[in-house]
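Letters A, B, C and D mark the chains as written, and numbering starts fresh at 1 in each.
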């Protein structure tokens, strides 16, 4: 399978929502060390809202992403949730009017999402945020055209990025104040991204 | 941690219903009912002031809607920024024809959503932004624009709100709000955590005999954690830290807010205030309009913050101008 | 339980210092500084109202000194009645030449000390007594005069205070205070204890998932203890119990006070209020001047009380009359 | 020794203050079951204030009791503390102008104190309060003229009363509301009185 369509996107939402059940507490705990301890609860609610959203029967891929973006944006105003909605909005623009898209476009799409998220949130690559995971996955998907190959590569790349950044200091948010103390800790956004990529690869 | 609530998912909406039922000067509005506005609506010809933030901090944010204060306030889930739709609603409902100041605390999600809302409305409504950045423990002085907004934001509400009532224009209201923020410093101590409704655990853990200096209002880690000390020592350290960062051009008058985070009794806030007032006097500062109470909370978190607002003549006059909301009344 | 305090023995006096420093309308007076009085002193020709009680309940008792409310308040150690000397001082300082109503909660120590104080002054000052007895969980209806005074006493303060400002005489002020008390019912729930400064243990223990219905404000045992229930069920039971004891001659207007005991967030009080307001509406009662907030606390105790004051025309008018104290302002 | 004077009274205050150190928590616990849990803390403070009070060098017995009464009344406004001050005031009246009094008067003096305390507090005998302990001790001291005999008789009578009332319901204060649940519990005021009589007998 070298294309993805609405069914694949719906499937990803369902798998992610199911994965969040087990991840919620772990992500909250990771966030509690650096921030306010809500990453897991928030993501579970947001991804649950996506999974519960009704995609119109005649929707194209762009409209489906747009519905998801609105569902996410309605469900939260948190940093990560808002950035996630921003990414979905980017996907919606990129796939507007199409019923499917080639998997080779996934990497460039993620790259665009990374850029809009950077513009929106003001963080830079290297700050140890979800952006660094996204960047690594975008690069890993370059030239990949098979669905399961893409999922495996994405999961591996997100994990490698997580491992790599664990040893670095956090450069945004409150955690910045005690940056050195964040060395050895996972960024909750990166952790969430890696775990969800893993869930998609496994399923 | 036990809560008098129904389903956790209903926590925010039911609290907002109670807030507006009990206070007819406040009305729920906006697509998802996540905006609180003045009952009488935006006044034509007045610059609007829209704020917003996460739930769980009453009286902040929604409680400060009223004459001489905010026009509207968008409100998110507990400890999450308001969503973009509510921010748009808050801006639209605050608009009286002369533009809207977006005045809220410097948190990532809040900023992104207010920014997007402003962009979406930019053809219709002129907006400006001032961010509350009073928490001195949240970034070094060199990066003061990165600091978070905590209890001190109510000074900016009061001062900008009073300015807007004089029919000043958007630039003037924006300038004075920015001036109020840059005149205000806050630091907090925390003794016990709170718990987000529906969450399995408190926001943090802390020993039965410990205190943390500089902790954020959502439980973000602070400057140090240690055994609890006498209140006077704590007040002294808080004041020392605040005074060390007094604005360069600070005059001799200052307003002080000794704020309870939720579970700390008024008695303890007054014990802190007593020492703080003594110390300010010894530093040659004169206290104007002191505030002691639960103005900005984090649900059942225990602890307190102290804010200083260094006043110039205009700030002082605006702080004293009449204002009314259910939780703060001046004049 | 951690406290922001210095030596436990200084808790009360330092809190009173802070209270009066922050609020220039209040002044410490009396031989041991254990009376709070209005800064302007007793008004000649006005009936005085003196209250008193134990510390640890701010804003009660001392916080309600002000125009249209109390003239003076004597204050004891934490959860202990005021001593006889302070009660004498409070009566003397309230006296404006037309006698003094002693208006305070029905607790053994408070009663003995106010009684003795009145006896010692009987040659100089005419005094009367009205006791707050609103806690319906503290004695059966047949023995309602034995009930304890809790949050509902602020209705008697407000109503008697307004009457005294009209220059009514001592009997009239006494009569209306008694009428306010007999129109008021309160019941509380408790979720977590507080701790007296210097004491080794909290005032009681309660399971992490339990609630107690009818507990007293010092942690005196209540009616039942059980697993925590949804807020709506709790509000319903509280209202049912209060309405079952509505005065025989009750009209259709009622004021309601949803009061936090200290550590319970405003959000939760508003969730309770929302349900209570709905239920009162369904019972055909119209709400007048609702109050939601921490009006009578027990330091860091968690829980809430609901008070109903069944209004007749005069009570309603007096409740709405102008009044000012640092924690409650009307008009 | 068939009389008591200022030195005996001072000694009793000192012994009681010392005893309170060990009793404070026990009395608080007893009160926590029925009331607000402060009997021990309050009594420790009040008796400490007596023990710390300065009795004028030329004071007679009445003046000494009067100083103690004022010290107690200044230190608290609690029920038990105020009743205790009332009792001390009665003793002051009864011994006014005398430098010592016969031990045989102790019983009648306690009886008078009991009566003024009843008048002040409004409780009746049989309500299971400190009054019932006092009443038992007043009776037991009838005709006793020796100091150590009096102390032993008082301690025994107070204990017997405590035992006897343990099985009865409490009829005053908040405890009245759940009177049957108070069967089997000690009234904190009676317990305090018995323990202090015991301490005086032992010392």
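By definition in this document, a residue touches a chain if its C-beta (ideal position, glycine included) is under 8 Å from a C-beta of that chain, and two chains touch if they have at least 3 such contacts.
Note that the structure is predicted; figures quoted are calculated from it, not measured.
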*Distance in touch steps, counted as few as possible, from chain A out to chain C*: 2
_Distance between chain B and chain C based on Cα centroids, please, to the nearest Å._
30
_Whole-Å gap separating chain A and chain D, where each centre is the average of the chain's CA atoms_ = 73
_Could you work out how far the Cα centre of chain A sits from that of chain B, in whole Å?_
31
_Could you work out how far the Cα centre of chain B sits from that of chain D, in whole Å?_
54
_Residues of chain D whose C-beta touches two or more other chains_ = none
*Could you say which residues in chain C touch two or more other chains, in rising order?*
none
*asked:* What's the complete list of touching chain pairs for this entry?
replied: A-B, B-C, C-D
*For chain C, which residues are in contact with chain D within the complex?*
32, 54, 76-77, 79-87, 107-110, 112-113, 115-116, 137-140, 146, 148, 196, 198-201, 203-204, 216, 218-221
*What does chain D use to touch chain C in their complex?*
25, 28, 32-38, 41-42, 45, 73-83, 85-86, 120-121, 172-178, 181
*Can you name the residues of chain C that touch chain B in the complex?*
2-7, 11-12, 14-19, 21-22, 55-56, 58-59, 63, 189, 191-192, 194, 208-211, 228, 230-232, 234, 258, 262-274, 277, 290-292, 294, 297, 299-300, 302, 304, 329
